[in-house]
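A, B and C are the chain letters, set down in written order, and residue numbers restart from 1 in every chain.
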Amino acid sequence: MFLQAVYTEFIKIAAKPRSYLGLAAITVLVGVILFAMKIDGLTYISFITAGLEESLLFEGDILNGNLMAFIILQMLIIHIPLLVALVTGDLISGEAAMGSLRMLVTRPVTRTQILMGKFTAGALYTLLIVLWLGFMALGASTWLFGPGDLMVLNSDGLVVLQQGDVLWRYLSGFGVAYLALLTIATLSITLSCFSDNSIGPIVTTMAVIILFTIIGTLDVPVFDVVRPYLFTTHMAAWRSFFEDPVPYDAILQSVIILLAHIGVFLSVALYHFNRKDILS
Amino acid sequence: MLTQVLGQDNPEQLVRGVYAKMRSVNSYEADMRIDADIPMLRMQQVEGRLVFKQPDKLQVKSKSLAVLPKQGFADFAKFISDTSAFTAVFSGEEKLGGVLTRMVQVLPGNSRGELILAKLWIDPVRKLVMRSELTYRNSGTVMVDYTYGSQEKYGLPDKLRFSMDVRNMKIPKAMTADLHQKKDKTDKDAKDPNRPAVIEVVLKNYKVILN
Amino acid sequence: MTNAPLVEVEGLTKSYGKFQALHNVYFNVEKGDVFGFLGPNGAGKSTSLRILLGLIRHDGGKVQLFGHPLGTHRSEIMRRVGCIVEKPDFYKYLSARKNLEIFGRMAGADVSRQKLEAMLDFVGLNGRGGDKLAGFSHGMRQRLGLAQALLHEPDLIVLDEPTTGLDPQGIIDMRELILRLSREQGKTVILSSHLLSEIEIIANRMVVINKGRTMQFGAVSELLNANELVVHLEVGRPDQVEAWLRDKGLAVMSRHDAVIALQLSKTELPALNAALVSAGFEVYAIESRRKLEDYFLQLVNQA
């Protein structure tokens, strides 16, 4: 019955026009970035490498598909949560608003199964978004710009990663980015359990992300204690795979914190949804 | 006198002798391995093939992104090819790796050129440049240490070690979006961000075409 | 357990914060019943039905279906229950058939195309399966609601105000559908309504609830006994008439101005009329209602 719940939830997601908004937005944004880079990419790059190029000569194409993919990911990964929350934040509250939650909850399935079905479908949708982003970022960029070594700008300088050393980093990075987005998806599903309108959880999810990001970036000692535990602090953990050497300890810590958030959010959602009176 | 023992009194003649050795080669190719240690730029070892054609046509064939010094490689050979374009003076002697070298200061005649001063450590016996220190108008000083092996007779080194100052990059935080901050300050860049950039180029499997 | 009621509800209580929605609701439904759930708006009908369907948690009392407590056997019970709560709200962006398939799947029903079409046909929506719900009228949604309630072939069907918002023909069609389910397929049906006439036409047993309490419960034929009337007499000299009636030992219930209400059997009414006239009283109007009807009308008026 759980599989039926997942299947039906995915049918619903697939039938909703808003589900395609995320995919369309990614396609358009990637298209815009690639177009801009094709036209003016060298200027963009030279802004970073100008200092080095006074005394060093770079042999090879810096402006390649791998770099484009990195730039795209860096630019888009902060906007993807909205696209995810747009769908996942609506999973329970949207049905409550529409009234169909009444009919759904009277099926011979437990509420835990219903919620887990929605969570799994939401997780699959999030995966689809990440895969599409990955496909567009890596596939389209490589198609347009060709392969090459990846020059990454980290806060402590440039790192040049050889082409053969890049794909596993992307795959691992996508894995961690997925975990970060799944945390957002779980948060919005949890908030969705508390609301009977579909906009509330979406807006609240974004508000939480903005608030936590501000707390995370404000260099004020009072926030030092909480900062490492905010999920937003670990949303850019995917980037760590592009450092050399890869800080596995920091990544593991991020993964654990993100998983812990998912666990806590899901537990709260299950507790509340199982006890919730369906009055809508 | 040591100089008499070494048999060279005219610095320009010494430089010309060095160049003559280099000039005997029309073109060459060699497998190349680059190890770079550049502040604010971390990169792995790069392998490729170096192709050189007289007088200063240098090409790097590599699947990887290679970093070479912008100056001090091919332009140097071209510079010393025309003895009328510079003035050379001896400026002392120094032992480099057990080899006694004569130091020659080379001043270009044309004061508007990019290269403003070259200091060469020349092994007068083998007519090989063991070290060069080239000062450029805009990009500072590049020091190159040469190690010779199989292609010594053509003046082609097996290893070059470039050392130069690189202007520090200012990285805007917004461009990195790197939320993961490195806490450990054991990193070389963190310890000494102003250290010179060092690029080591190892060349082997030469294919030399003589004139 | 063959004689055990299909639904047993005892001492049901529920509060929302400080508001006590249900104080004491009790009733039971036997297999094969078309059971009416009657009450004015806000009486607690929907709350009771939602508790019965596991949508709302009750605070106290016993809720047992098919011999099992709802709290511990919810999924098992719901496999045998089909329902429409309030109005059937479907996924507007999906077709009728897809909606039916989704709810059918979640109930473990056969969702083959053939079965779905047969069900759409049964509720009178043949040929409309491919249409998006966004274009459906309220009546069509109500029919589709019934289809989703029946698709997994439940033993008990719970319908919350199934005729609300339907046009007269829609109401007749819905009634016929419910009666067919009961008579031809032997289904047990619970339906709620705020209209006594509705319940009277369809149900064989009923419960009347008001302000969260069970007020009346039993067979419709007994509760709406035509012989037990409440007669409203509009007369001249009402004081004297009231005294005359009490003197004759008749059960005077109330008096409002010139209208006196009293309980009477249907057979006694002509004789009373004749006696009043021969005693010289002016009788301007006689209005008789069945006892429950009169009671329910009072409830509705109070609500």
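Basically, contacts are C-beta pairs under 8 Å (C-beta built on N, C-alpha and C of every residue); 3 or more make two chains touch, one makes a residue touch a chain.
The structure presented is a predicted model; accordingly, all values stated were derived computationally and were not measured.
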| item | value |
| --- | --- |
| Contact graph of the chains (line, ring, star, complete, other) | line |
| Most distant chain from subunit B, judged by the mean position of its C-alpha atoms | C |
| Where subunit A and subunit C are represented by their mean Cα positions, the distance between them in whole Å | 51 |
| Subunit A and subunit B: spacing of chain centres that average the CA atoms, whole Å | 47 |
| Mean-CA-position distance for subunit C and subunit B (Å) | 98 |
| Sites on subunit C touched by subunit A in the complex | 16, 50, 53-57, 74-79, 81, 83, 85-94, 98, 102-103, 105-108, 148, 152 |
| For the subunit B and subunit A complex, residues of the former touching the latter | 38-44, 46, 48, 60, 62-71, 138-140, 142, 164-171, 173, 175-182, 187, 189-190, 197 |
| Parts of subunit A lying in touch with subunit C, wherever the complex brings them together | 1, 4-5, 7-8, 11-12, 15-17, 98-100, 102-110, 275, 277-279 |
| Subunit A to subunit B touching residues, read off their complex | 48, 51-62, 74, 78, 148-149, 151, 153-163, 165, 216-217, 233-237, 239-240, 243-244, 247, 250, 254 |
